[in-house]
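Here is the structure we will look at.
Order of writing sets the labels: A, B, C and D. Residues in every chain begin at 1.
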């Protein structure tokens, strides 16, 4: 609990979890974990999405340097290669993974009287940044589960993935493409809250839609809107044409799809033909394939709209999450475990996430190798909603989470079912 | 006058003026003209626009064969190479040209009592086709002027261009690119009517806008709109996107431009994703360059719109007229001549055409070689408007036209001013 | 069989089934049916969709007059009030309905050697019209089932709905809103073919999407595209804007939707600002509510697009089919019956229709009163596809259809389950 | 000159010229001017456009309070009623007006060595605000001309309009609609620089296009783009539709028009249906009527686009300038005066402004009452371009401007021509 309060106090946003990573390593060393992987040993850096620019990275790196003495760790994660993979191995048995995410949000934390972190002195020290989605609890779940498992008898391998950059859907793929997911046979993910009260557990949470989002920049050429509009190459016209046609991407006979535009911006005054215009686009699909259909069609539309107005366009993928659902077997197991526990008052078998999660990258990788998994929800009374300044968790839920997760991990390890020989 | 009535009786539309061409050749031979050029000797066939398909050409060719015995002429103009150039030459002197157009319109002529051609028995024999813009008079002007000039003393060269396919703006360029315009130093064009009464003459008519028009066909792929709209490649979406952006082509700092769409068509039922959609587009500009800007931009938009919806597009130029204005010197001369004539009650120095005319192709060619010219209006009381079933001319205006034009031609020849040595 | 060939020979399209209606009445009278309702007694004329104009109706009415002596019947259905409802009643028992559709398609029937109706002399006598979807068989199913039921012992009420104008989705609602559907407790519909071979029966066919289609006319004002485009009120711009936005109607969180445009038309030449433009729009939805969402949004878009370009718009509903699925109980019964029959070699429990059917209007009405129903498919070897010139049915399937339907009807009547007392 | 440097040092942007107004009043009192009108006595406050919000006004008001002791003046112009009208009257004679504008720009002034105001210590004291368009010189012209005229013999009335808020085209109308323009018979405006070197004078500057610009805010309703896009009312779709159609407003047969969009903004993330979107729109026309056509059509498009997507829209006029050209008589006079002066090395008779100026409001008002006027350019060597951080004027041009303007004013007064009796 102290640990969770400390992580809450030093929130760091996507790819800037420098101090967080160093502190996790500290704790893992204290637990005497077999292998601790950080930086390029933990993730595939080439798959990172939504990495901020160098000055931003440096600013957070320097801040981390001033609050930790683990310069050895910092050096290995410089440039935004945050995240940790912990591995413990005992004899022969299945490989079980638990993924927890570690990044915070660009939200200014509440100072109000009713807000416990403010009252009890563990409000964010990093102005404008806040653990407003409970990832501080997730880190604690990861460390706590590891501790419990280590204190138990088991055969097999247990890995904990402390994943960076979930909020931008940018860290899941780098972990999934890294060297430690491939051999996982059972994978668990976990999220706190989501409207479920303390004592309630969701055995399998899934989102109905795969998602990609990308940032789009149209570049044209300015001209005076009165004297010679013809000399311009109008980035706003390109954006408008793309926008109208993106919303008009044909519906798909194979299932539901989505498309939306956000964060439109073109700053030229109205007496200047716009030379720049930008927009964020997200597409979703009931399956990863449907989402990919939307994405491919979007790219074609964006390219053609630029060309139509003699502009150029750059599209950068900012986040991505495939569709991958919790498996029935693991959901069964979690539900069975929670049914027996006195600290779990209610078990919801399955629930819809309603948002996107890049845990699906890891789950998809595990499934493609024949493994199974589930995304577990640990209820907590939370006064403010997720992603709001007054979000907080009921600390009673921390021990419930650790108990449910470690029980599940140990049962999976004990199942003895393994693909490997 | 008899001649005009005969031409009125056998109207033939663009590139189908087979009988008309043969009859003009007949008359030119009777006048003992020095050179008579038809077919590829008169025009550059590769520059023809708006030529109908082969069955349509054949239909009219066969009709012409049945009403004339000039199979020698017909043979040379088979396939839609209609039109005649007549040349007379006497010693050394300037080269003067007169252009008259010879094609009719796809309009069903009135049968009403008040319509003189119906009453006096020279209504169109070719159902659905009519000389509703006075080109029958223009042919008469050409032949009459040639006759008067031949009966006069003059030194120099006089050419009459009997141009086909003016109504589709498709015959001007072929004549201009043919072998007979290059050496013309003074060029006259003529139009009857245009709202001016009998006795009024306009010394110089000009249109304010150059024009191009093209036919556009989008080709995509059908799919069932309920089962799998995603499998289609929607030609209607391509058309719609192109259309919106065509109307939005940036205005030009250099002057007025125009764009318009007509004749939209996509015949798929609404339960099928459209695999075809077509539209006619016309663009105009205050100068030929401005029109060209509109045309280039249109092509880029059409291409990109097709690409955006994974369709293909074919664009065919259907008509074209540059901007070329009457020259002050020739306008002066015409105005001076008409001022002296008792049969001309009123002279308008300059007037706007309000429609497009491909005479500008010839005038532009002459100007580019250092020559000058004017497009002359010969007033006539006309009961119905141009391009309506009750259009007709007051035959009194025929002799006025011939007199004004032949006087002008003779004065130009007499001016002795010539570029050549 | 003879009867089916006769109906095949005199196909009549939607709302023009004058002879067909008269001949059905003939047959019903021969069967000594208790009640025969035609015209406004059978349907609610105010709910008819897709009714052709008066000259077209008159043309077919006169044709019917010349091939039947039932002027008494014709008189009651004049103006396109075609269709018949037959009712037989024996004591107290459930009310069972069977709906068959009776209209033909605007397709020219094949003359080829391989086409049986051509070879055996019952090819369409009405040029350009053809029973290319098997409704001739459906009529036979209706009459045959009625005959079999009448020859059996039963208690309760049996109704056969001979529905006009299915092909335009325009006759279902008038029947459903008429006076004879309200008390139906079990409803059967039937379709022949649909790719299923002779001997195969589908116990419940359903379409996945509700549908509405409407015809849209934009009316603006013409102007010369060169002289004064500003004076026009451009119907093409209204159409283009509507079109782009129709395809962009937001996807619905509640399920799949569809939208498509067909039959675009604007006939003005490109040098005229278009004063008219028309298009057909169809929308679909996974539920009737989703379809209604699409329809309401479409209407708002069409209205606003017209207003935006200072045009007016008229929208006429041309066809409409809600979503209504076959009920499990009735599907069970049909499957059980077919399982026992030697002439049915294969039973498909459920299949997707893939097209729309306005049988759903009747089924929806029955369901809303607490009843149930199913849409049954009777397989037939058909050489050409539905809606093609070589479509034909294997006449062996006629008796199978009558047997399956009459057995089902009799079992439903025998079930004794009725809501009424 | 000292005065111009002082005004340069305390630049104040549109409607915030509090200190500037107070200092002008100071100077006018020192010149012993007959009438000094400020606040609602000078302008019609209801006609102001582009007035900032109250906190912004207060901030500048307080700043002015701290650098002037003229709280009497400040009190009368509180709330952004800046500007002064000075009137001097001597007997009977014509009424001549001179308009100078007094506001500065939101530009950070250069600190570079080469920038004279920085070197000589009169760089802007108001960070982020700068006299980067020479209005400091214009104030000096106004005061200097008034001084020279007062020192001369004349009969008639001379008014100087110190106009606020020209940069936003927001102050011209309030002055024109105020009580002091109506009786002006000759009106002069003046601008320094515009690419003309010191010693050059332009007798009449005109812009070719009238202009209006407005700010547009669409308001819809947010919804989750994945869960229920249908529940949103999408302000971005409204903006996109409006944008495409604004660029497509039909060209006008009466002359050139313009339309452009700038400053697009919608800040919702892409996973949220946008509830707000804003854009600036400007329209222009060769005449005020043409501009009005564009404006009326724009408003209709904006309204319909909002309605189409179930949004609302608010449109606020931000600036406006009609077309009003310098009159030949006054241009003649200025050209004649400059031709005689040794400090004027070159006279340009007429030049295009290329930007918009709301002087045209005053000139239009004067013309509509039968008066005439001209907008005079006083050349000055300026190192940086207008509206750039290194803009500066050659102070030698100050005396030239005063001399040319006062000579012109005195000649106009001396002309004795007056409409009044």
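Just so we're on the same page, contacts are C-beta pairs under 8 Å (C-beta built on N, C-alpha and C of every residue); 3 or more make two chains touch, one makes a residue touch a chain.
Model, not experiment: these values are computed from the prediction.
Novice: I want to compare two interfaces, B-C and B-D. Which one has more contacting C-beta pairs?
Specialist: B-C
Novice: Could you pull out the chain whose C-alpha mean position is farthest off from that of chain B?
Specialist: Farthest from chain B by mean C-alpha position: A.
Novice: Mind checking the centre-to-centre distance between chain A and chain B? Centres are C-alpha means, answer in whole Å.
Specialist: That pair's centroid distance is 69 Å.
Novice: Centroid from C-alpha atoms only, then distance chain B to chain D, rounded to Å. What do you get?
Specialist: So the centroids are 51 Å from each other.
Novice: What are the residues of chain C that contact at least two other chains?
Specialist: As it turns out, chain C has residues touching two or more other chains at 224, 226-227, 229, 237, 241, 244-245, 247-248, 250-251, 258, 273.
Novice: Name, in rising order, each residue of chain D that touches chain C in their complex.
Specialist: It is residues 224, 226-232, 234, 237, 241, 244-245, 248, 250-254, 273, 293, 300-301, 303-305, 307-310 of chain D that touch chain C.
Novice: Touching chain C in the complex: which residues of chain A?
Specialist: Within the complex, chain A contacts chain C at residues 244-245, 247-248, 250-251, 255-259.
Novice: Any idea which chain B residues touch chain C in the complex?
Specialist: 207-209, 211, 213, 224-227, 229, 236-237, 239-241, 243-244, 247, 258, 260-274, 277, 280-282, 284, 354-356
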